[in-house]
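All chains are identified by letter, namely A, B and C, in their written order; residue positions are counted from 1 within each chain.
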Amino acid sequence: MFYQISILCFLIFGANTCDARAVGAVYLLTDIGDMFSSNNNFQAMGREKDKLIGKSCKELKEKHGFDKDGLYYLKSSTGVIYETFCDMTTDGGGWTLVASIHENNINGKCTLGDRWTSQQGNLENFPHGERNWANRVIFGSAEGATGDDYKNVGYYDIKALDVSVWHVPNDAAMEHWKASAIIRYHTNSAFLSLNGGNLYELFQRYPLKYKGGTCQTDNGPSVPIVFDFGDAKSTKEMYGPSTYGETEPGYVSFRVFNYEQTPMAVCSGVKVIGCNSEHYCFGGGGYFNPARQCGDFASWDWDGYGTHTGWSASQKITESAVLMFYR
Amino acid sequence: MFYQISILCFLIFGANTCDARAVGAVYLLTDIGDMFSSNNNFQAMGREKDKLIGKSCKELKEKHGFDKDGLYYLKSSTGVIYETFCDMTTDGGGWTLVASIHENNINGKCTLGDRWTSQQGNLENFPHGERNWANRVIFGSAEGATGDDYKNVGYYDIKALDVSVWHVPNDAAMEHWKASAIIRYHTNSAFLSLNGGNLYELFQRYPLKYKGGTCQTDNGPSVPIVFDFGDAKSTKEMYGPSTYGETEPGYVSFRVFNYEQTPMAVCSGVKVIGCNSEHYCFGGGGYFNPARQCGDFASWDWDGYGTHTGWSASQKITESAVLMFYR
Amino acid sequence: MFYQISILCFLIFGANTCDARAVGAVYLLTDIGDMFSSNNNFQAMGREKDKLIGKSCKELKEKHGFDKDGLYYLKSSTGVIYETFCDMTTDGGGWTLVASIHENNINGKCTLGDRWTSQQGNLENFPHGERNWANRVIFGSAEGATGDDYKNVGYYDIKALDVSVWHVPNDAAMEHWKASAIIRYHTNSAFLSLNGGNLYELFQRYPLKYKGGTCQTDNGPSVPIVFDFGDAKSTKEMYGPSTYGETEPGYVSFRVFNYEQTPMAVCSGVKVIGCNSEHYCFGGGGYFNPARQCGDFASWDWDGYGTHTGWSASQKITESAVLMFYR
């Protein structure tokens, strides 16, 4: 490969000049590729042959041919270098992990760790909550995405067409995410292009604010999904049986209000035709009524933790982090 | 430019040797500058032509001529590489963003997010509070500095002469900070050189500890400022009208005690000649009396949130993050 | 050194060709080593001569001969680049700082900052607590390790044989850590190799869960230690006098249960032969009985803060962060 200056030496000067000393002298430019797992584009950080770094996993896939799942370096529009997980295999690959929603303690009602709703307790005068769906704050790490919330620069920087979602058991190691995920799906309608190109932009258009809208009337988009693992019916049924009458399977929905005018950020796997969205949607603003619904996984535990009875979701989905990707 | 090894080839060997294959072979050293926004010094991270990285934005400006506002890579004395925002245009430029003080919830009294006072609630036996004005803990990100607190390695590493302050509306995007700031000013007296070279050192000399001093007698330095946007009078008047009798406009002040011996860290835009500094200063230690004053923006809401009556500051300044720079 | 392409030029082409312009043209590959403190391997990040980056400080020491304490870049198995402190001098060096346990407020019972137990308050239905001893979440920074908790990628990535522990006064600057540490010791029995190679693996084998075991019967390993500063007796006696009857000096112990079946993560300096481990061990799960024992330094303040009477530890050890290294 052309990374090798030793080869360079031979190409230009021929064998006679390129003796051990000369080659040693030029060795400093050795391709660092073989130091790293072969799918890693780290060499791009410092030197870029053929411009190996990119703005998204999609770019890395399409322009540079990286085709293995794993951690890659990306560079934002403003020059921020960051590392995240690329799904290079689903439906042609090129999916960038931009966020994870992890419920550290569903008994903690809008406590520390509820970054996707509020960490200030349930407060009526904190109607927007943390605002993390719609700001440029970042937190967490890619490898830790199943152990704690994650949000990277790509969440607001990447312009994308579609979203992919994985529900992965808490604390699963990165190398096992795909295989252990209980649900995996993606959209393929380019819906993000109608919404500013990413979720940061979508939530500027559809703010998450208590009393910012009414059930059904003011809901954000519902987007059909294609399953990569699992199916529509079993996904819908991961939530509590009492929810089945108000959800239609086979969608991912955004900014959904409930009866009390509390906005939920994302309803994974379903379109919402009812008004008790706190039981099958996650994330939102800063105030829920009653208070015991407040938190990232909201009121998935209404009828007990992980009981899968009444309004309560299954233990499996309650104990899985939601990983969100763009392409 | 000399980054181009293709040029190198021609310079050294002449055109005949530098055929397509040789040039291709050497292309790996292509200048990566054109990949990035032209004011970004990213190429410095891996390879440094003329040592393009520096310890501060001032160094980048003076030694390498970078003259556009934006994100740049810096390297600390101990070798930590970090990225932050450089103001390369104010008063000759070279200002390094080192911290932001963001009030996420003024109704939360020393709750999560009050990193510049205390996040433990109002505790008399936690008199120093978080200590973040005087330690080497870092948090946040440059682009997120208007969405959450920010503090980088430069805060304690850079040796500087002066400070600059911007009050920027919460959640403003980086490209809009300068234009949307409601106030911008800087010192030009090299006061930091009398105080150890940065705020980390200044707050070693002037600790922020409840009962660590008395109003007026034990205050830290008050430094005259020059406005870049806004003016002294309108800045002073961004605070509540009841405060006007105890502030003199046209200064930035550090470590100011109130009647109850609670230290405030910074009083932006004013010199303090009174003892109710909790209404127009921000940051501090871990205990306020009464408790409802506890938090990064302390008691700017004493007579209601953003009402701009009595002791309450205007909504504009209450809803702006304070960005602090060194030069 | 071979980093210098100017030298390269001379080696290959001789003096005549390497005139100022040619040398200038090649200067872009100048060794960046002299920009940095001489013990820093930063040049490894972008270009790697002789593969100067490594997976651990031990690798940097053994393969590349770095022998000064300080910050170094490491690269994990998955390609994550991170910087941490290497102790290159203790017992032959090669110790990688992977974590610090810092008590920000011993009066805060499982509050923010108690990352090594629980930050959700004392909750019986949160028996595992934060889980940070056994997950891949990371936080903090190396230089800030005495000001706040620290945990890096190496904690779960590096495979090691032994552990080293320093108790360093809170907020000590990195350059003073070694000299100001009140205790320093290390194991030399390769005990980690029997426990999966690091503490992440050890705590998979010995989970930290309330009611996950019984005092004495279910304790994890106790490992003999060698002191680098201080000694066994004075270390044991840094804890409260009431503890002396139930500790044997000269060990570091892991996953120790107390009478109430609360697991403590690490008992520094001692083997435990009793059941009141909350007074001389740190870290653990999410529930303590009574609640006032909850937190990273658990119940080191039972008989008053830093009083060194009864069950209370000395002020010195109460106000020191625990730095943990692997080799």
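The criterion applied here is as follows: a contact is a pair of C-beta atoms (placed from the backbone, for glycine too) under 8 Å apart; a residue touches a chain by one contact, two chains touch by 3 or more.
Quantities reported herein were computed from a predicted structural model and do not represent experimental measurements.
Colleague: Which is it for copies chain A and chain B: same residues on both faces, with over half shared, or different residues?
Modeller: different
Colleague: Between chain A and chain C, how many degrees of rotation does a Cα superposition need? Round to steps of 5.
Modeller: Between chain A and chain C, the superposition angle is 120 degrees.
Colleague: Suppose each chain is reduced to the average of its Cα coordinates; what separation in Å results between chain A and chain B?
Modeller: Centre-to-centre distance between chain A and chain B: 30 Å.
Colleague: Check each residue of chain C and list the ones that touch at least two other chains.
Modeller: 29, 45-47, 112, in rising order.
Colleague: For the complex, give me every residue of chain C touching chain B.
Modeller: So the residues of chain C in touch with chain B come to 9, 13, 17, 21-22, 24-30, 32, 35-37, 40, 42, 45-47, 70-71, 83, 104-105, 107-108, 111-113, 140-141, 143-144, 146-148, 171, 173-174, 305.
Colleague: Which residues of chain B touch chain C once you look at their complex with the stated criterion?
Modeller: So the residues of chain B in touch with chain C come to 2-3, 7-8, 11-12, 29, 45-51, 53, 75, 77-81, 112, 119-120, 123, 125-126, 130-131, 134-138, 153.
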